[in-house]
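A single structure is presented below for examination.
Letters A, B and C mark the chains in the order given here, with residues in each chain numbered from 1 onward.
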Amino acid sequence: MNKYTSRRIKNLVMMTLAYVALIIALIPLASIIIETIARGASAINLNFITQETAPLGQVGGGIGPAIEGTLLLVGFASLWAVPIGVLSGIYVAEFRDNIVARTARFMNDVLSGMPSIVLGIFAWIIVVLVVGWSVIAGAFALGIMMIPIVSRTTEEAVKLVPGTIREAALALGVPRWKTTLTVVMSSSKRGIATGILLAVARVTGETAPLLLTILGSRFWFAGLTEPTAALTLTVFDLSQSPFVSVDLPRAWGASLILIMIILGIYIIVRYLTREKYGR
Amino acid sequence: MSRLIDTGLKKLSSLLLKMGDLTEKTILLSFDCSTKGLDQFDKVRVYSETLISSSEEIEEKATELLARYQPVASDLRTIRSYMKIAYDLARCGRYAWDISFIYRRFNISYDECALPWLPLKDMMNEVERIIHTCIDAIRKRDLGLVEKIGEIERKIDKMYIESLNKLVEQPPIKTKCVVADLLFVRHLERIADHATYIAESLEYLITGQRINL
Amino acid sequence: MEGDMMSFKVQVESLNAWFRDRQVLKKINMQINEKAVTAIIGPSGCGKTTFIRCVNRMHELVPGARVSGKIFLDGEDIYAKGTDAVKIRRKIGMVFQKPNPFPTMSVYDNVAAGLKLNGVKDRKRLDGVVKESLKSAELWDEVKNDFDKSGASLSGGQQQRLCIARALAVEPELILMDEPCSALDPSATARIERLMRNLSKDYTVVVVTHNMQQAARVSDYTGFLYLGQLIEFAQTRAIFENPRNKLTENYITGRFG
């Protein structure tokens, strides 16, 4: 067999292996989604989404508070974590050779690798022991998780802005700080938004930090210093319930809602990062 | 570092030097024709025509270099000067041709007409000198010779005025001689003029200064 | 001497510039005439871009950069102690080698950027300035029906004219151009060159170029920089017909560089 044929065969073999590997890699994701839809779809109806939670084992009610709780927790977490993350990301990108910037970037990397349960304990000590099981504690813990993600993606987005754009603004007599806040920011808007959404998606699906901060609740939002429900925590609680026939389907239903929310966020991210004028 | 334009400039330079040598030859031959009655007028004519076509060739080549290379500074001045010098040399050749049969056309001879008090011989010598110095100056790009050319021209000019006066005061007997002599000195003076133009072009080429000798 | 200084738009005195410990400009002395185009030529690395960036105090933005000497703009030393570099830059417009319109802004916003970012909000005034600037930059006819089009969607030559309009909008005292045509095709280049000459009726223009023919076509005065020193500065026709310095002669006839 000549060289050309042997190369074609090699090519075919490698391609096949690659496809097989791809399919194998997709199997877990596909099976999770399929399983969740299969087992959870039956539990979902309007009541499920809008009603307060019944006690374990009791039929009826819904996971309305859990959905509300997750949204509120992520919302409050974003409220304080996003500005900090974005501003620190901008600082590190603009003053990259500065010792402060380098330290900040390093600490950021360390923080992003921190186990989420540790963050939970930290929040428990700092907030829960002072204020009690609360939304604030949960938002605090989730926020700490968000900061490194937002900061890093902001830094990358700002770094991508070409120096020529900055120079153009500086040459017009715009002071450095203003250049950063206006021209540079608007050019990196997309990247920053993407980073924020990725952080939100990540944190929506976290359980460990919430275990030690919000306690959980069957009722709607009762105040910042009061406990609250969350989807992830609810899935955990429901799946641990002894009343399997009643609560397990609800757990699947909650999981499905959770996955749908997170998937939704990723779809938005994909939309934002599409090539605008198609090359 | 050799440049694209250098080949063109070399060609132009060698064409010009050839022209210079031919001009000298033409003038000397034409003097012999007119003073010694040598029957070489056709040859002189051919030389003169060659000079004219050479100057056209130089002009074409120079224009090509200008269009293609957008030369500046010394290159630009060189090309400009070469074009002018070529024209002046061709004019000298044309006058030489006229000189060659100046007496022949009236059926008279130089010996009859060249009265001893007319400085014709001296003028011819000086013209030979001035042309030779010119060609030398072009070849060597010698600025020192430019002044010398100016001097010789002034001498020739003086002799020209002297001739005019003498032709009025003590003209030769035959009218034909008067006319021929007059034309002769006139042509000689014009050749000298063109020689000074050449010297001025050379000064411009080398120093960039425009002078009037 | 004071009187003399006022007759030149820009007077450069003993300008030195360094990148860390490497000296890039050595004791430059130059006078730039008002309402004329001055070209700065020289081989790569001779310091011409650094020079022009010293004039609008952009050179000092690079870490490790240092400047000494004086530059008088309309008689005032821009390097005098206490002078605000930002204010100086507002008086001087700059056009760069690669056209750099703000990508997230429309044509209108790009031109108005200099004014808007400096606090001007009056819509009428902005409209007027944008129109005038686009006209002066010879871009008006091509964009007048579509201001909202993104700045980055224009062709290279149009983008560069947009950058020129942006620089003109702040009514600068001086316009600096750093090889403005390097990234453009010949016909766009020709347009910009014509524009430069037209602009010089009202503005003082200094253009850095590595294209000698462009300097010859476009400028009234030319300065030749070599290894950080100003070798010769004269009227363009004098430099290109009969340069005084042998180095200049060798450079412009292509014997090196």
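Note that in this section contacts are C-beta pairs under 8 Å (C-beta built on N, C-alpha and C of every residue); 3 or more make two chains touch, one makes a residue touch a chain.
Bear in mind that the values here come from a model prediction, so they are computed numbers and not experimental data.
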item	value
Each chain counted as touching subunit A and subunit C at once	none
Centre-most chain [mean C-alpha coordinates]	C
From subunit A, the most remote chain by mean C-alpha position	B
Centre distance in Å when subunit A and subunit C are each reduced to the mean of their C-alpha atoms	48
Interchain centroid distance [CA atoms averaged], subunit B/subunit C, Å	52
CA centroid of subunit A to CA centroid of subunit B, Å	95
Residue numbers of subunit A (touch at least two other chains)	none
Numbers and ranges of subunit B residues touching at least 2 other chains	none
Of all residues in subunit C, those that touch subunit A in their complex	56, 58, 61, 63, 86-94, 96, 98, 100-105, 113-114, 117-118, 163, 166-167, 170
Subunit B residues within the subunit C interface of the complex	1, 3, 5, 70-77, 207-208
Residue numbers on subunit C that touch subunit B, as the complex places them	212-213, 216, 239-243, 248-249, 252-256
Subunit A - residues contacting subunit C, complex	97, 162, 164-165, 167-175, 178, 182-183, 186-187, 189
